[in-house]
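Dropping the structures in below, format is structure tokens.
In the two assemblies presented below, chain A is common to both, partnered first by chain B and then by chain C.
Right after this comes the complex of A and B.
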């Protein structure tokens, strides 16, 4: 089975997470699969041409003409395309940042830029693994399911659920705006576990109820505007959709 | 601009084994050689996004600049905001950040040496094809251990949420962290094995004079230190503000990121610059290894400089963590999470505050500078001068020098050496595009 790992406009933190967190298992992956494209790990097969792959993992948002061209080539040559991380699944910070920005110039010699988009705005995406960064465990789980012809799953619980399971003190109870109730879990409540509020970097949870959440904030006398600002930060295009439904 | 006699003699196409997207183009026009280091990475406008946002959001956003040196960005960011707001962090917070910075640099160096720079120098398609499996395993263990340290310390292995304005979000997991650091000490033989392999590499000779720059503090090998000054190899010493004032942004029509000059000229930052300026202050084991190398201004030596630093970072991590063990133990650690203890949340506490702040530190790839202006608790301006933006001019100048000297061996052969040259600098194009060319 042929795998390929690509990056578009991003910090490459998701690909790096796979390298560092899979540790020696990366070597097993290398032995089991044909990894034909992974520019941080190997000289790609076929040079700069996008190789044929059974599963392509794509990190990053679509920002430049080069991103767009590459992504179309990836789609054309891959049977199954997985969005790897929040840039690819929702556009991440760049989605909002590239819309509010005033620029004199959008075109250089070879690079032209557009408003950032998740990859699903340009091509059909078969599965999304969210997270800033993506979780190596979720990646492994999804890969195992895919090669066994089982549909991969996304966490169907919120960050709140994981946070409470861990026994953390609730930040909302402490009077801090935290998006835990709205956010898709799977991260192990990494941020609230060190006292930092959740910014919903994995996008909305399946049961996200924006209206109820905003009412809770109101009851607690917490800043709703701040919650909306936080929601826009990572959740990108999905925040836009959620807010359209909720307000 | 466009010259009809210009001939492209090398087009690397998209470079492999570097972070972000870019390529090297070399052109000949008569006897003139011109090199262009193209950043093709798209901008994510993170620093522009910060304008108008609450000051305490800066470390979280700045972290996303880079998936390899995120901890450097979040620490520099927290410190720049603290300086702007006049927040004084405790000695413990400063020391703990310094040690976390060491872990960050160790991880980034291991990633660069193991996966990115060494395999192509050895002519391999991947480090996973290294014939000496023990070298790979030793390196992989170090990479995994440094990642684990960051995870315990920072709350996640990438984009750590525990670095916040004012200190740390939660107290250190003292015991876990110390155990992990002690295990790191056990990996010193692994580190020496790996580093000796790196120091044995045969590298091309390319000495070209330029000014090297880095933090300097007599008696120390500074990484993240509040009272270190910037030093240049011409003997000049500058405080943070004068260094910052000397930085100049230069737009190139072929690159999404600007280049950064210092007082209109080229400077080079990074591991080799640090070794040239401070190698007398390396830890004992690292100093011994450093003595084996004949150091010069050959950019290929950056790889060996990073290798020596790997041992230094490990030895320092062990030493400094043991000195800090009391602070790391939760029970003895009430002062660490200063501002975040306030139940009221932080936005309120910063309201009405204003000021400017600069934070300069030695990130893996060289001197990293974050600057900000805050007004009424909101960010008014935010700038990030990354090592790659600073080194871009040096990369181009070295490529020209290389072609001038070695063109007779043929561009086909030279192409690989030129790609190795670019990678030696450990460029990060995702970082560099923080100073985007689109404004």
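Right after this comes the complex of A and C.
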């Protein structure tokens, strides 16, 4: 089975995380699969040409015309496309940051710059793995499910679920705006566990209810505007969709 | 009834440790009161009202390995192929589960009577025929030192469910606060033995029952299944974000899910694990094809209450609610089921 790992406009943090966090598993990944394209590990087999692959993992947002061209090529040559990380699945910080900015020059030599979009805006995505960066365990789990013809699943719970499982105190109780009830879980409530509010870096939970969340904030006398601002930070396009449904 | 100082309590705990117990007691960790393993030399926190977790976390952990098996994984031209015991025909003969049952001696020190009642409920569920061997391994030989509760907070409701009473056989030591010290009496042979370790003997005198003061009083009209279905929960679930904090922190929510976990290192080595599940989650009632039965917040809220009251009463002759009020106190929106099921008394 052939795998390929691609980067669009991103910090390459997701692929770096896979390399560092898979540890000894990385070697067995190489033994089990044919990996023709993983630039961070070695030179691609067929040069910069996009090879045929069974599963393609794509990180990063679509920002330039080169990204767009490459992504279309990836889709054409891969049977299953997985969006790796929040940039690829919802646009992440680039989505909001690239909007409302007036650039003098939208072209740099032959590279045209557009407003950032998640890869699902350009091509059909078969599965999304969220996380900024993505979690190596979830990647392994999804991969092993895929090769066994089982549909991979995203966590169906919010960050609060894991936060309360750990026995933490609620940050909303302490008067701090935390996106825990809206955010997709699976991170083990990493931020709230050390007293830092959740910014929903994994995108909204499968059953996120923005209306109920904002009403809860109102009942507690917390700043709703701040919550919406925080939501825009990482959640990108999905925040836009959520706000459209919620208000 | 012998009166003990904090020094005596420490000696008592050392005595328990010497007998091989793992002492678990309420502690303040980073400002959060929760049950945790007591470090040697540290005194347990006995003056508290609410803890963020419950004995459930030690008896039924969030994730537990049930057994490991070798699947008949083969590398094919398509890639790796793992044969599942059920998904692809009959179970292959090569599957040989390896299982190690937990064996521990837990001593809960200073838990409130409501939490003791939660252990009684979990026993009823997990030890009734057939007994769960993993739960049994942790449960057997448990020592319980109960700290009687004097006053509840805004969300406590043990007063109306009578769960401040410690059921017979569920306490080894009974403690209550008195003038800066603790009055302790043994409620079992094991308790007497532990008291003897610090040269205190049981004196025969009756003690009045301690009924904790409730800040808010409610009366439940009826907790029938039909009655819960009939009521309109819309106003209660309006603020619900389905975060499931209510079921996570409930000391009697025992629902679990079974999952096979693979590793890339050795894909043929599969670990079958039991994970916590919650009825507030989507996949709780999901069947093949992706349909869920409990679709709305309303249905999930009612399902939780139906499990706590009519279903539990029918199946185990016990209420599933032990009146700790965690589901209200831990809810970000403070959704109060007491108002849904009953009326507030003046």
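Just so we're on the same page, the second predicted complex is superposed on the first by the 247 of 247 C-alpha atoms of A that agree within 3 Å, B and C clash if a C-alpha of one lies under 4 Å from a C-alpha of the other, contacts with A are read in each partner's own complex, and residues count from 1 in each chain.
Assume a residue touches a chain if its C-beta (ideal position, glycine included) is under 8 Å from a C-beta of that chain, and two chains touch if they have at least 3 such contacts.
The structure presented is a predicted model; accordingly, all values stated were derived computationally and were not measured.
Engineer: Have a look at chain B and chain C on chain A after the superposition and call it: clash or fit.
Structural biologist: Partners fit side by side after overlay.
Engineer: Scan A:101 for contacts with chain B and chain C and give back first, second, both or neither.
Structural biologist: It touches chain B, and chain C stays clear.
Engineer: Between chain B and chain C, which one contacts more residues of chain A in the superposed model?
Structural biologist: Of the two chains, more chain A residues are contacted by B.
Engineer: Here's one for you: vertex at chain A, rays to chain B and chain C, all C-alpha centres; what's the angle to the nearest 10 degrees?
Structural biologist: 110
Engineer: Between chain B (first) and chain C (second), which does A:191 come into contact with in this model arrangement: first, second, both, or neither?
Structural biologist: first
Engineer: Applying the touch criterion given at the start, work out whether A:219 contacts chain B, chain C, both or neither, answering first, second, both or neither.
Structural biologist: Only chain C is touched by A:219; chain B is not.
Engineer: In the overlay, answer first, second, both or neither for which of chain B and chain C A:5 touches.
Structural biologist: neither
Engineer: Which of the two partners, first being chain B and second being chain C, lies in contact with A:92: first, second, both, or neither?
Structural biologist: first
Engineer: Touching A:127 in the superposition: chain B (first), chain C (second), both, neither?
Structural biologist: A:127 sits against neither chain B nor chain C.
Engineer: Given the touch rule stated above, what does A:24 touch, chain B (first), chain C (second), both, or neither?
Structural biologist: both
Engineer: Once you lay one complex on the other using chain A, what is the shortest C-alpha distance from chain B to chain C, in Å?
Structural biologist: For chain B and chain C in the superposition, the minimum C-alpha gap reads 9 Å.
Engineer: Would you please give the residues of chain A that touch chain B in one complex and also touch chain C in the other complex?
Structural biologist: Dual-contact residues (chain A): 24.
Engineer: Using the touch rule from the top, collect the residues of chain C that touch chain A in their complex.
Structural biologist: Checking each residue of chain C against chain A gives 31-32, 34, 52-53, 57, 62, 75, 78-82, 84, 238-245, 248-249, 261-267, 276, 278, 281-283, 297, 330, 332-334.
Engineer: Spell out the residues on chain B that touch chain A in their complex, using ranges where they run on.
Structural biologist: 13-14, 16-17, 19-21, 38, 40-46, 48-49, 53-54, 57, 60-61, 64-68, 70, 107, 111, 115-116, 120, 125-128, 136-137, 140, 143-144, 147, 154-159, 161-162, 164, 168-170, 253-256, 337, 340, 343-345, 347, 430, 437-439
Engineer: Can you check the complex and tell me which residues of chain A touch chain C?
Structural biologist: Touching chain C: residues 1, 22, 24-25, 28-29, 32-33, 54, 140-141, 143-144, 147-148, 153, 156-158, 160-161, 164-165, 167-170, 172-173, 180-182, 205-209, 212-213, 215-216, 219-220 of chain A.
Engineer: In the complex of these two chains, what residues of chain A are touching chain B?
Structural biologist: Residue list for chain A touching chain B: 7-17, 19-21, 23-24, 26-27, 30, 39-44, 47-48, 61, 63-64, 66-67, 92-94, 96-98, 100-101, 103-106, 108-111, 113, 116, 132-133, 174-177, 187, 190-191, 193-196, 199, 223, 226, 229, 233.
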